[in-house]
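Please go over the structures that come below.
The following pair of complexes shares a single chain, chain A, combined with chain B in the former and chain C in the latter.
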Partner chain A sequence: MSTSKWTVTFKVFRKKGEEVPHYDEFKLEVDPDEYVLDGVERIWAFHDRSLTYRHACHHSTCGACGMRVNGVEKLTCITPVRDVTHDGGVIRVEPLRNFTLVSDLAVDMGVMYTRMDKVGQRSVNSDAKEAYQSENRPAGPAESGVDFIRLSDCIECGLCISACPITASSPEYLGPAVLAGAHQHGIKGDEQVFRLADCEDGVWRCHSAFECTAVCPSFVDPGERIMDLRKQIIGEQFRRLFSGSNARKINTMEASK
Partner chain B sequence: MTEISNQSPVSRAGKWFDPRARSINMIGFILNRITALGLTFYLFLHLIVLHQLAQGPAAYDGFLSMIHNPVFTFFEVLVVTAGFMHALNGIRIALNSFGVGIRYQKMLLVVLMGIAIIVSLVFAVHMFTV
Partner chain C sequence: MSKPKIIIIGAGFTGVATAHDLALRGFDVTVVERGDIANGTSGRTHGLLHSGGRYAVSDQESAIECIDENMILRKIVPQVIEPNGGVFIAIDESDLSYAEEFIEGCNACHIPIQELTAKQALAMEPNINPKVIVAFTVPDGTFDPLRLALSFAGTAKKNGARFRTFTDMEQLLIDGQGNVTGVKVWDRARDVHEDLHADLVVNATGAWVGEIAAHAGAHVPINPTPGVMVAFDERIVQRVINRLNKPGDGDIIVPQRRMAVVGTTSFEVTDLDYVPVVEEQVKLMLERGIELAPGIRNTKMRGKYMATRPLIGKGSSGRSIARTFKCYDHKESDNIEGFVTITGGKATTLRAMAEKTADVVCQKLGVQAVCTTKDVPLLSYREYYSLNN
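This part shows the complex of A and B:
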């Protein structure tokens, strides 16, 4: 840890209710090795108790403290001040894009959690009632020596969705985290996930900007997963085309209506 | 599917164009979209030019002599550049979409855009000197 303090101006996005969005400035003495979230917490604790933001674990596990720091999506609990500014510099802190703003730096990520549920990723942050029932909770690794990928993988922080230029203009697009979840869940053997991924708001909406991969703090690499999902879908569609199983499935679905 | 943001479609329309603090891949995406829009606009202009043929050879020749100047040649060079950039970037995206070269997509973008600029410069020299 360094001993010299930096003077940094935190320029914090503010908006509550119908208020016009604006920025409040707070000049803080910080250790450059402190994290951006530490600064935000200090603002709340000593300068403005009305500041709203989300955080929980402080060690990049919960995914709650995602914000835009100087325009780039960051998990603020693991973003050192020295990485984003300099002594006498400014740190602009804004809420994530492409989510409904709740207040100040807090956004509503419910839609992402709901979509994660739909692609079979309901272990964390699920808002489905059945996910809270004990029989639906993961009991442990299926095989000994095999760890859950989920918790060491996507933390559902929403940074990828905020960074995605396609979600910015097409909110119906499932989004990188959800499609990465579909990739992890697998499309073979789950018709609902297959259909969600293989639609205009699924993998085909992605335009390969790879911003999701650039900002992901957990190295999930949603961009590569979406590309791989496309490859799997094309393969599956070819298989169905020549085996005729697609036609059979559609007939079965229509018959069951 | 429920909308993820409460912004209106009009305020969302230009959100894709924001290269600030973004990676080179985002530049590739923005380049591809801008060149696509530019080429689409040019297609309509081209159809208007071709429409001059319906007015007879004299009208068409007159129009061609009017646009034969450095300003229009510059815009023609832009069209050629946009064409090469969009085509080569499109090849990169198509390869990536089939799972080919994803790990090298940044390098692919730089190399292909470099080729597009070099070829466009060759075209520019040729178009301005002939």
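This part shows the complex of A and C:
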């Protein structure tokens, strides 16, 4: 832990109601190992009580404090100041893109949350089902043969949706977090979710930019999951094409598993 | 007849749970919160769904509240809980000598425990300290703090409660007799000031209740006591790991998602709005965490943070103060009508705190309505953001 403090200028996006967006500057003395959110919280506590921003857990389990920091989506509660600037430098803090602005740094997560429910994403899940890349990043050891229930990797922070270049131009696109949620839920055996994933606003809208995976703070890897969903969907469509019945029925899908 | 109007100040655990209870009992509820849901102590809690084992020896009233509410929350809000249980482990002779009291305490508080040999404990949790002598399983769990609060808030919203977030309480509205009749608020999202009137105002601001009550000239004996927690980047245990001893610093590891969170400490502060994380305490969490699970040494630190407990009672140190809660009718304590304060307690006991508060509200306003929250399953936490206010 460093002992010397840095002086950093926070350039904070501001907008209330109908006013024109602008930036306010706050010069703060910070410990470079402090988190960006600590700075934002101090701006509110000691400099400007009108600032609005979202935060809750301060350790990356709740997903409330997502913001754009110097142009990149970050979970600000676990982003150390030294990772984004230098002594005497600037930290530009802006709200997430592709969400409706509430005010200043706070956005409305409603659309994403509604879609997450629609694709059946579970907030608690069995570890075996959750660990998409279990061989690379096991969540942890358990006694052999015992699966356990745990909170899902996805914390619904919205960073991936803000970073997605497609969502910016196609707001109807379900978006990376939601498609990753459909992947976690499984499209085989749930025709409604299968159809949501297999449509123009589903997996086929993605242009494989993988910005989602780059900004995900929680090991969900939405980009890879979208690619895997495509494989599953193509496989299933082929199977249906040649199955003879041409029936889009769940029970036949189940029987073939 | 129109519904009685209640304003709740604070959308932490007690505020949202009280909104849910009162909405079910037919009240017109508005919650005023200066941040977003659970942005104070509640959001930053350790996330431990207490079995009560921690308090079974020294604070049995809290222990019983915890085990009873633990069982209820598992039933009404499973969508935010890791229900994997917990283990109390004895590593040295001092721990071992606590075992007898612990067993007696758990029996007295109907907390189901099971004794494990060192071998059994290590088979179950291979990463705990191999020096473990004996262990006991308890029905601990982990909850997601924000989503627990959102589940109550979302269900309350569905039942008609309104949430005014990013809205500061600036003043209590007080009539000529000194009684509380509403709140003056500042909506910071729109930058608008307005007066909201109510039949009764509930102060559910946790560690901040003293500051809010002072606006009415009322007094609450609150002892805000922060503690530090450190999150590590690997889920090295699957269950909550507790040190089998009197509650102390850094004696709990709570697994969440792919993390393990070590906590906590206990100190006093005066300015509640910004409490810095003390680096010495972070080091202490690392050291103490390593005693429980040596593998912590090789994991990366992911986040360090603090939360301020709302303990009731002045004059003694944080660890010795009971974790029970109390609802103050300020008519009785300060001769102020229209104003009730709820504080103390644990996250695990939020529903019971709300029940107690709603009972006081009903009694004060002469409303006959029973509490049903024990049996009403909560909606998806996502409803909070999906539903319009």
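Here is the rule we go by: the second predicted complex is superposed on the first by the 213 of 257 C-alpha atoms of A that agree within 3 Å, B and C clash if a C-alpha of one lies under 4 Å from a C-alpha of the other, contacts with A are read in each partner's own complex, and residues count from 1 in each chain.
To be clear about the criterion, contacts are C-beta pairs under 8 Å (C-beta built on N, C-alpha and C of every residue); 3 or more make two chains touch, one makes a residue touch a chain.
Fair warning: this is a prediction, and the values are worked out from it, not measured in the lab.
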item: Chain B versus chain C as contact partner of A:R92, first or second or both or neither; value: neither
item: First (chain B), second (chain C), both or neither touched by A:V72; value: first
item: Chain B versus chain C as contact partner of A:T114, first or second or both or neither; value: both
item: Contacts of A:F219 with chain B and chain C, given as first, second, both or neither; value: second
item: First (chain B), second (chain C), both or neither touched by A:R205; value: neither
item: First (chain B), second (chain C), both or neither touched by A:T167; value: first
item: Which superposed partner A:G175 touches (first chain B, second chain C, both, neither); value: first
item: Superposition-derived comparison: chain B or chain C, residues of chain A touched; value: C
item: Partner chain in contact with A:T100 - chain B first, chain C second, else both or neither; value: first
item: Residues of chain A contacting chain B in one complex and chain C in the other; value: 114
item: Chain A contact footprint on chain B (complex, rising order); value: 1-7, 12-18, 20-23, 25-26, 28-30, 32-33, 93, 96-99, 102-103, 105
item: In the complex, chain A residues that touch chain C; value: 1, 16-17, 35, 38, 41-42, 45-46, 49-52, 54-64, 77-78, 102-103, 106, 108-110, 113-114, 116-117, 122-124, 137, 139-143, 148-153, 155, 218-219
item: Residues of chain A defined as touching chain B within the complex; value: 70-72, 97-101, 111-112, 114-115, 161, 163, 165-172, 174-175, 201, 207-211, 214, 223-224, 227-228, 230-231, 234
item: Residues of chain C that touch chain A when the two form their complex; value: 35-39, 42-44, 47, 78-84, 123-127, 142, 144-147, 149, 166, 168, 188-191, 229, 231, 234-238, 255-259, 261, 273-274, 277, 279, 302-305, 380-382, 384-386
